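First up is the structure itself, then whatever we jot down about it.
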Amino acid sequence: MDYSGYIALILQGAVVTAQLTVMGCALALVMAFVAGLGRLSRFGAVRALATAYIEFFRGTSVFVQLFWAYFVLPLLGVELTPLQAGVLALGLNVGAYGAEVVRGAVQSIGKEQREACVALNLTRFQAMRHVVLPQAIVPMLPTFGNNAIELLKATAIVSLISISDMTFQAQVMRAQTGSTLVPFATIMVIYFLFALAISGAIRALERRLTRGLDGVRA
Amino acid sequence: QDDPRIQELRDQGFARIAIANEPPFTQVNPDGTVTGAAPDVAREIFKRMGVDDVVASISEYGAMIPGLQAGRFDAVTAGLFMRPERCAAVAYSEPILCDAEAFAVKAGNPLNLQTFADIAAHPSATIGAPGGGTEERLALEAGVPRDRVIVVPDGQSGINMLQDGRIDVYSLPVLSISDLLKRAEDENLAMVAPVADAPVYCDGAAFRRQDTALRDEYDRILAEMKESGEFAAIIEPYGFSAAAAMSTSREQLCAGG
Amino acid sequence: MLWDWSFAISIIPTLWEGVKITILATLLGSVVAAVAGLAIALLRRSTSLLVCKPVAFLAEFFRGTPLLVQLYVLFYVLPDIGITLSPLVAGVIGLGVHYATYTAEVYRAGIDNVARGQWEAAKAVNLTASQTWTRIILPQAVPPMIPALANYFIAMFKETPLLSAITILELMNQARSIANFNYRYIEPMTMVGVFFLVISLISVFGLRWLERRYGRVGS
Amino acid sequence: MTAHAAVPPIIEVDRVSKSFGDFKVLDELSFSVAPAEKLALIGPSGSGKTTILRILMTLESIDSGHIRIEGEELYHMEKGGRLVPADEAHLHRMRAKIGMVFQLFNLFPHMCVLDNVTLAPVLTKGVAKEAAKRRAMELLDMVGLADKAKAMPAQLSGGQKQRVAIARALALEPRIMLFDEVTSALDPELVEEVLAVMHRLARETDMTMLLVTHEMGFAHDFADRVMFFDRGRIVEQGPPSEIFTNPREERTQGFLRKIIAAGHRI
Amino acid sequence: MTAHAAVPPIIEVDRVSKSFGDFKVLDELSFSVAPAEKLALIGPSGSGKTTILRILMTLESIDSGHIRIEGEELYHMEKGGRLVPADEAHLHRMRAKIGMVFQLFNLFPHMCVLDNVTLAPVLTKGVAKEAAKRRAMELLDMVGLADKAKAMPAQLSGGQKQRVAIARALALEPRIMLFDEVTSALDPELVEEVLAVMHRLARETDMTMLLVTHEMGFAHDFADRVMFFDRGRIVEQGPPSEIFTNPREERTQGFLRKIIAAGHRI
């Protein structure tokens, strides 16, 4: 049986998986900050909107969101390529989880820091921009890393809407070669390497951002 | 010739077709290219229509018609057999690939299951079939209880489950089963074909309901090719019979005959 | 092609069959995750490198790879080495072990969260190691974990659709099967979405209550 | 009432009340502070000392009453001839007159010492970066920390942190400085270095200073006037020599006895 | 060396060294304590006072040296005629002689006051529940908290918590009690109530007590002997009257000067 050709297919799938992960993470990151800060807004309407988004996307399963984006949105006149639908569903879903991380991290920056900002007469925006966010980013990072890995893993289910990601190509290889172990063992290892790369990158980032800050938080 | 849909496809240079991950109806080569009886026919007909290429996406059976309706594909050429309800949901071409149903069973057919009715009559036999496919429906219609009809995601999973004793029968069209058994190279498995209480089914290319002009043009070229023998030359190497396709018609099949 | 109420109502009994399986799988998976998670957390605290390193690696591996792929391996590959699990058992083990890698982190955080002074005070009043665990550490560590654990069980609930890959007719699979039969996606998919949303909104309130009652790890 | 009644007061607190839930922390509190006056607030835990400082810094709102800073309303502003609650812009303008130093320093941990001191002048007063740096170095020099400009807060001892916090507040050149138990989170040995800086400030500038402290010895040497609080009211006030050596009120006497018994020197 | 050299010492610390990483906290430290002696350890922050108490409580291990409690090795035991490192069973037996009270109380927050006090006697000494309760009530009465037996720790003030912690340690009837800055996390007004309990303990029992404190006044009144630590060594020791009023060593003088300047009374 010619495995090597199909392994090459799986590697092509790995590229698609990587694309989905990167684009999904980018969307998730934007949504996390927009919605996370939205929940802390002074304006009730903004808070309500952010809360609705977060609860909706955390509440309904990502599967349902994916099927909706893929099958139902076109009926409502929104045309998306499968890749767009995948990125949209994954990004919005993980973004909703990220929003809670952003909110939690911003709130964890103690009241004292905000009070020091008031005493120094900084505006709310200046306090957020120069004092709160720079400190909040660091505690967000580990959870963001976990969220990114969650997103990576969730890309496996986009195979259900015919995106030729890694899991999909493994299914193809399985159907064409009759072997289950080889394709799935291969993609397991690749997924794990991707996950290691993500957590390694996050740790490196964390180290860079905490330089000189050691011992600030016990 | 002036149909705007056809012109649109010509301008875009390709047609999007949905195929299944099921040899020999469709086949994905190690280099990623797609062949198999259904896409080969489609590729040829679209070429003659002036559409240079087809872009195939592999899809679950259940997702094909919703995907077509949602505008994800221009046609489904996947061994999606014509049945009255499907004819109501999409516009089919004339018949293309015909096949009877088959069972894959343990060698020697220990439970002696020859028909869907046999399975229904047996107190515990379980059957695996693709979700939303013809076989699932045949089994349910024959009276097999829901909890003995196992929805199996794909052919390879079906064979694995049969080997592992998780199901007693796995049902697909004859050519699919024989292809799977060939790949499995397992002497403990055998085929029952054709299944007596299942009709011979034929698929056609499926289009959106409003794309009748496109479908008619497809039919015209298909008829030419059937006539000239080119049709047989494409599908027979894969084991399909051109004569079977030419002996029936959409009208007959969509009426449930 | 828009919403059809009579169709929506007609499919409720079929969907309900799926709901029962979904709930059963979640409950059993939660039990496995709760127990296996504690085991992982305790093994990872072991001072023997031969124990803690491999456990740590395996936990990382299960956490870093998709549950879908793990389910495939559990269900379709294990029989090759003579382990044939029924779909539900494979599904519960898959869900449970996957989520155990998360709950292990909760346990770890919960245990670490008990102030160091508590260990020291236990020693100063001369309690033994097992007395310290059962009387001092776990009674303080477990209640604040409950909301976080519950959170993961809800997440697990929303991942049960993956079980369709191993032929379990849970809610999502029932919905897809209905969609496939009737060529209508909008009603079954929306109803499944609404169902998940309702359950998770309820669980949001449940979680708030748990948090009020038990506090929270890390706060 | 005060020793400085002749000059117009810089702070006037006028029948200010404040409750947290059902609990009345300040009860129709009134007092005024003269420019350049050094005022020490003492009193038992929970008596409202911190609360009044936080109200002056606008970290807490008031329920009723008025506060005037340099004759101008703090929590109210005129609009169409009527006094209405102040908006953020008004508070922002008023806050520029006041600086505060906290018990727990509240330095920004992600910035070096110099950035801590220059951040607010650059952002809120539009001071040029270079000018702000020069001024910050002068202030750090004054608090004895010129060599720590590039250090991160986590690398400093508590006493050093508090001196940076003082420099940071001074960088905005407020006319009023508020100090809330600025030494009580410090190791005993580090207290002295912070108190020395405050003594120097008191001698060398004519800033108005309000100080909450449990260091009776320091309050004695530092303050022009001592105010003894209990349950949100002023029980007794006067020059330190009088309050500490010859308190008239029984509650003051009881409080001072306890503090002394606990090992604090006056 | 000590005033009590005639009776055999209850604690002997013999050339004990301890490092954290590269940092040597205790450097060949030796001293002994007589039965019933009250010993105060003073010295600058980081000098190793807490560390030696924690070592005596076996919360920290030692790198070298020997410690004997009532003549018996603490960190070593005899096995086949040779001294080998002590195992958990040996440590468990030795710990029964020693009790410790912590700066941050470390009460068990999930148990009521009474359970905090009875837990260890019941579990470690097999005392019957009822007897343990009776004894606990006596101890709570002694620390003035008999009415709080059913309260949870979170409902107590700091001073009350610390008194419960003392009762809890006493419930095991240790022969040696260690106190590590037991009042420094308390509000000044609450310090006195804890010190009063300790005074009473010192007067009414013949327990050996080791005390780390920054309350020089209390150390003065309480201790038979004061030991001044610096950088892991004993710089000077003697009766309080001598150390506090007439320290010989310059480092001691400097330390006391600083402490006094910071407002602590002796």
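Remarks
By letter and in written order, the chains are A, B, C, D and E; residue numbering begins at 1 in each of them.
Just so we're on the same page, a contact is a pair of C-beta atoms (placed from the backbone, for glycine too) under 8 Å apart; a residue touches a chain by one contact, two chains touch by 3 or more.
Please read these numbers as outputs of a predicted model, since none were measured by experiment.
Touch-path distance (fewest steps) from subunit B to subunit D is 2. Chains that touch both subunit A and subunit B: C. The chains that touch subunit A as well as subunit D do not exist here; no chain meets both.
Chain centres here are C-alpha means, and the one lying farthest from subunit C is D. Compared with subunit E, the chain whose C-alpha mean position is the greatest distance off is B. Looking at B-C and A-C, the interface holding more C-beta pairs in contact is that of A-C.
Centre-to-centre separation between subunit A and subunit C, using Cα means, comes to 20 Å.
Centroids built from CA atoms put subunit E at 47 Å from subunit C. We define each chain's centre as the mean of its Cα atoms; on that basis subunit B and subunit E are separated by 84 Å. Between subunit A and subunit E, the centres computed from C-alpha atoms are 52 Å apart. Each of residues 66, 69, 160 in subunit B touches at least two other chains. Residue positions 71-72, 75, 180 of subunit A are each in touch with at least two other chains. A complete list of chain pairs in contact reads A-B, A-C, A-D, B-C, C-E, D-E.
By the touch criterion stated above, subunit A contacts subunit D in their complex at residues 112-113, 115-116, 118-123, 126, 130-131, 134-135, 138, 212-216. By the touch criterion stated above, subunit C contacts subunit A in their complex at residues 1-2, 60-61, 63-70, 72-73, 76-77, 80, 158-159, 161-162, 172, 185-186, 189-190, 192-194, 196-197, 200-201, 204.
Here subunit A touches subunit B in the complex through residues 2, 4-6, 8-9, 12, 70-72, 74-75, 79, 82, 160-162, 164, 168, 171-172, 174-178, 180, going by the rule given at the top. Across the complex, subunit D meets subunit E through its residues 44-45, 187-189, 191-192, 195, 214-218, 258-265. Residues of subunit C touching subunit B in their complex: 1, 17, 76, 79, 84, 86-87, 164-165, 167, 169, 173, 176-177, 179-181, 183, 185.
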